[in-house]
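As structure tokens, here come the structures.
Both complexes below contain chain A, partnered by chain B and then by chain C.
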Partner chain A sequence: MSRDLDIKVHHLTRVEGHGNIVVNMKDGVLEKAHLSIVEPPRFFEAMMKGRSFHEAAIITSRICGICSLGHQLTSLVTTEDALGLEISEQTVLLRKLLVHGATLQSNILHAYFLAAPDFLNVGSVFPLIATHKDVVLRALRMKRLANDIGDIVSGRAVHPITPVPGGFTRIPEKAELLEIKRRLLEEALPDGLETIETMKALAGAIPQFERETEYISLKHADEYALYEGDIFSSDSGAVPVSEYLNVTNEFVVDHSTSKHAKYNRSSYFVGALARWNNNHAQLGPEALAAADAMGLKPNCHNPYMNTIAQVVEAVHCILDSVRIIDKLIENGLKNEKPNQTPTRYGRGVGSNEVPRGILFHDYTYDNKGNIVKANCIIPTGQNLANIDDDMLKLVPEIVDKSKEEITLNLEMLVRAYDPCISCSVHMLEVDFIE
Partner chain B sequence: MYFLLSAHAGSRLHRIIQMNQLTVIGIGNRLRGDDAVGPLLIDKLSSQTNPGLELIDAGSDALGLLEYLEGHDKMIIVDACKMGKQPGELVCFDPTQASMILVDEPLSLHGLGLAEALRMAESLHMLPEDLKIIGIEPYSIQFNGELSAPVQQALKSAIDKVHEEFHRVTELIEA
Partner chain C sequence: MKPQVAFFDFTSCEGCQLNKLNFENDLLDILKHVDLVEFREAMDDKADHYDIAFIEGSISSPSCVERIHDIRRRSTTLVALGACAVNGGVNAMKNLHPIDEVRETVYGDDKYLFATLPAMAVSSVVKVDYEVRGCPMTQQDFLRLLIALVLGKQPPKYGSPVCVECKLNENECLYNRGMVCLGPITRGGCEAACPSVGQFCTGCRGLLDNPNLDGMLEVMTSHGISLDEAKKRMLLYNSNEVQL
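And now, the complex of A and B:
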């Protein structure tokens, strides 16, 4: 079909000229299909230079209110790598608990507040409050529990304060952990099971679109990797985290102020679906049953299914948090001091799986423990090329639909990745009623 | 008066203090120029030890605000707001007096801000009965980690405004 299409969606951020979906087709030939976005880490190096190793994680946790814990933990492991700081098993377990809380919160909010309104075709979460109040309250209840995990383990949910290089300045009480365990089992697990039912009912509305791509995530021998592991590509296997630059290969494109990334192909996918594809065999039976119930199969190539992979991970995070709490208590909580005595000064690279995908920090310290060089590669930056490649395949496949439907399909595609826009303005805009 | 009440937290007095309590929530990104004004106001108020004020730095995740609404009758939210005023100009308003611009179809959780959080809270009947917003018009929200001169000045007025509101709600209860 010879068709002209000119789609521009400008509402992704309130920063003019950034975060737009642009599609241009002339006489049936697709000339352009891409997402342009602001590059959050542009200010990163300037912000980090000269900072001491005590400050690095505090600063990075404040880049973004939504990705706060992810940046903080990755910053800590990067500093520990650079300064040769060993950490205890207890510290690792507590951090894994924090990662589960943050993943649970982000995945649930994404599924309920962004994806579900699409699947129900209601535009936004607001109409759902009137029609499905119980569902919205369930989402908020799960968010609250996830936040409370953050509060108890890290001192404060918004900008965690107790996790520092080398450990924690304060550890939670046994009674606090047991209360979280009780709520995980008595509140979050039933809510998680209800969530599966809700998503199962909506799964029919997920667009059927397939594009096989390269999936990149952490991979760990013993567990579904979120906190630690090697970088793993579905095309070419494992690479040590220290060699991340060989994987990310950032490059500049004309249409975006953010750099794109590619490894074995023109683009790769990071996030819940990549983790699922690479590591699903390491999930427990409950999470696997959840995936099965919602129609998520191994080696899934439909990017819209990222949301379903997030819900599967939410179930995993709930149950694995219980396992971690049991392990912490079985080991006996120890009032350890953080190990903050550097054994070397130099370069360190750290990586964690944050809700949106694999995150890298890279710092070089001078011999006074101050940063001289810093780099950060966020998941959304790595996904941009993949989103563009999805659009290039998707638009010709749905070209017979109306412009409104095509636009909605493209927006849903971008939403499936839940792009992180640290630079977006969250400022309140107000018109006074005269 | 609140100093007297707080001097001896006997059970009855303690209850009065609880009733008098005004919750102040600062929202914003500390690294992002004038957007830091909300959290910085919380820092300033923290150093003034007024036990009648409950202070919360909610950071820049506006949806997190929903966690703090329940069980609070009297609340002030302090945030940088784009109101079409002069930089540093401060407006204290009731959310019902203003039309807050919503992102109807955000493409990301990052697109949800204070307007969306307040709309959600209103629909869920979670809004405190006495809620004021102190909006401060920013000059710049670049990532530079410092307040502009006009907003630095506005920070002082905002503190006065919080105290004024505190007296208003205290008197309201006593009347």
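And now, the complex of A and C:
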């Protein structure tokens, strides 16, 4: 079919940050199909130059409000690696609890508020207050609990306060943790199971589209990797975090203020679906049952199913949070002070799985503990090339549909990746020339 | 008639907007009193006129300048939300370096591919009627302002430093605990959120009207950090305001 198509979605809604979808087809030949990133660059490198290790995490968490906990923890891990700061088991457990809280909050926000309106043919969550009030209230309840985990353990869910290099400035009290545990079991778990039913009912509206690609995430021997592990590629296996530059290979393209990335192919996928594909065997029976109920199978190649993988992870985060709280209390909460005495100065690399995928920070410190060089590689930036490749395959497959339907399918595709555009144009990759 | 309210984001992390989506307990009540007509982070709708436009983020590119003019033209009341919008926030740290050097270090040979300007407060470009400070703004502070505007009252202003609220919370001074804190020169209203959980004040709510900057530097350097380091700490959120 020889068709002309000219689609331009200016400032795509229900995503974090500013992006445009651009598609051009002439006489049935696809000339252009990409996500154009138009968010103003922020130049974090200028902000980081010469800054003390006490400030690094405070600044990098401001790359993104939605992902602030992720940036903060990755920044702390990186600083600790660079300065040789040992941390306690309690610190690791509290951080893992925070990761679960942030993942739960972010995944629920995306599934209910940003993605679900597409499945129900409405423009936002707000009309659903009238038609599906119980569902909206359930989503708000789960988000509130997830944010309360952040407020209680880190002082504030958006731009956390208490996690600092070497530990925490405040340790939560036992009673606070027990109350979170009670709410996880009595509120969040039933709500999570209801969420599976809701998503099952909506699953029919998820477009059928397959494109096998390379899936990259952390992988850990003992657990579903979120806080720590090695880099793992579904194509070529494990790579140590310290060698991340061999994986990310960033490059500039003229349609995006955010750089793109590629490893073994022209693009790769990071995020919940990559974690699911690489690490699903390490989930508990409840999360696996949730995946089964919603039709998510291992080695899933439909990017629209990323939202479903996020819901599966929400179930995992709820249950694993309970396990972590039990462990913290069994160990006995200790009022530890953060270990902030450097044993060396130099370069450190850190990586965590944040809700949108694998995140890398890389800092070099001088012998006063001030940053001389910094680099951050963001999940959304890593996904951009993969989104463009998806579009190139998707548009010809749906070219017989109306322009409106094609546009909606493309918007839903981009939203499925849950992109975080503020993050992707943080621009913190540079050598400082002293 | 309910006021028509809209939210817009410029150069920022969108954390202040996110804090509004985090009004889980109050969101439905708030929506009884205002009509949310535009909020790109959460909805598709667009509107022509706004009774109250909330602006998050700094102005840092030519397209930002055009867009904020357009919004101002169509708004009765315009509110700056959060440090980036109020005084440039952390974005303004890039203004401390020559702009060509900043561009070159990030994009190399492609440095003129994307237009950029110094990171500015919204009030540097258009009239701002009210502000909610902080990084991020607090939900309570935002609600106090929103309630005042809906009721047609004057929103609260904060004139005293963070130290006042810190004392009211009966915290031990962080300087006594070997930390360096910007509480004495920073505008309050946050209820000393950071010092109350053991972390130093970063100055995210901006300077008082009449801060004693020299006195602050003297206190900081007498507690073990260099003058250079003390100045850097002071600039974290105040690069557009402090001339050192």
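Please note the rule applied: the second predicted complex is superposed on the first by the 411 of 434 C-alpha atoms of A that agree within 3 Å, B and C clash if a C-alpha of one lies under 4 Å from a C-alpha of the other, contacts with A are read in each partner's own complex, and residues count from 1 in each chain.
Criterion: a residue touches a chain if its C-beta (ideal position, glycine included) is under 8 Å from a C-beta of that chain, and two chains touch if they have at least 3 such contacts.
Remember, it's a predicted structure, so these values are computed and weren't measured experimentally.
Trainee: Thinking of the overlay built on chain A, is A:T257 touched by chain B (first), by chain C (second), by both, or by neither?
Mentor: Second partner only, chain C.
Trainee: On the A-aligned overlay, A:H110 touches which partner chain: chain B = first, chain C = second, or both, or neither?
Mentor: first
Trainee: One more residue to check, A:I161. First (chain B), second (chain C), both or neither?
Mentor: Once the two structures are laid over each other on A, A:I161 reaches chain C alone.
Trainee: Please work out whether A:R170 is in contact with chain B alone, chain C alone, both, or neither, and reply first, second, both or neither.
Mentor: second
Trainee: Going by the contact rule set out at the top, does A:R144 touch chain B (first), chain C (second), both, or neither?
Mentor: both
Trainee: Examine A:R344 and indicate which partner it touches, taking first as chain B and second as chain C; both and neither are also allowed.
Mentor: neither
Trainee: Is A:G123 touching anything from chain B or chain C once the two structures are fitted on A? First, second, both or neither.
Mentor: Both partners, chain B and chain C.
Trainee: With the two complexes superposed on chain A, say which partner A:V414 touches: chain B (first), chain C (second), both, or neither.
Mentor: Touch status of A:V414: first partner only.
Trainee: Based on the superposed arrangement, let me know which partner A:K49 touches: chain B (first), chain C (second), both, or neither?
Mentor: So A:K49 only meets chain C here.
Trainee: State which residues of chain A lie in both footprints, the one left by chain B and the one left by chain C.
Mentor: Dual-contact residues (chain A): 11, 13-14, 43, 47, 59, 62-66, 68, 109, 113-114, 123-126, 129, 136-137, 140, 143-144, 147, 157-159, 422, 427, 429-433.
Trainee: Considering the complex alone, what residue numbers of chain B touch chain A?
Mentor: Against chain A, chain B makes touches at 29-31, 35, 57-64, 66-67, 79-84, 91, 93, 97-101, 103-115, 119-120, 123-124, 133, 135, 138, 141, 143, 145.
Trainee: Which residues of chain A touch chain B in the complex?
Mentor: The contact residues of chain A facing chain B are 9, 11-14, 19, 43, 47, 59, 62-66, 68, 106, 109-110, 113-114, 123-126, 129-130, 133, 136-137, 140, 143-144, 147, 157-159, 411, 414-415, 418-433.
Trainee: For chain A, which residues count as touching chain C in their complex?
Mentor: Residues of chain A touching chain C: 11, 13-18, 38-43, 45-47, 49-52, 55, 58-59, 62-66, 68, 109, 113-114, 117, 123-126, 129, 136-137, 140-141, 143-144, 147, 155-159, 161-162, 164, 169-170, 252, 254, 257, 422, 427, 429-433.
Trainee: Which residues of chain C touch chain A in the complex?
Mentor: Touch residues, chain C against chain A: 9-19, 21-22, 24-25, 27-28, 31, 36, 39-45, 60-61, 63-64, 89-91, 93-94, 96-97, 102-103, 105-108, 110, 113-114, 116, 119, 135-136, 193-194, 197-199, 202, 229, 232-233, 236.
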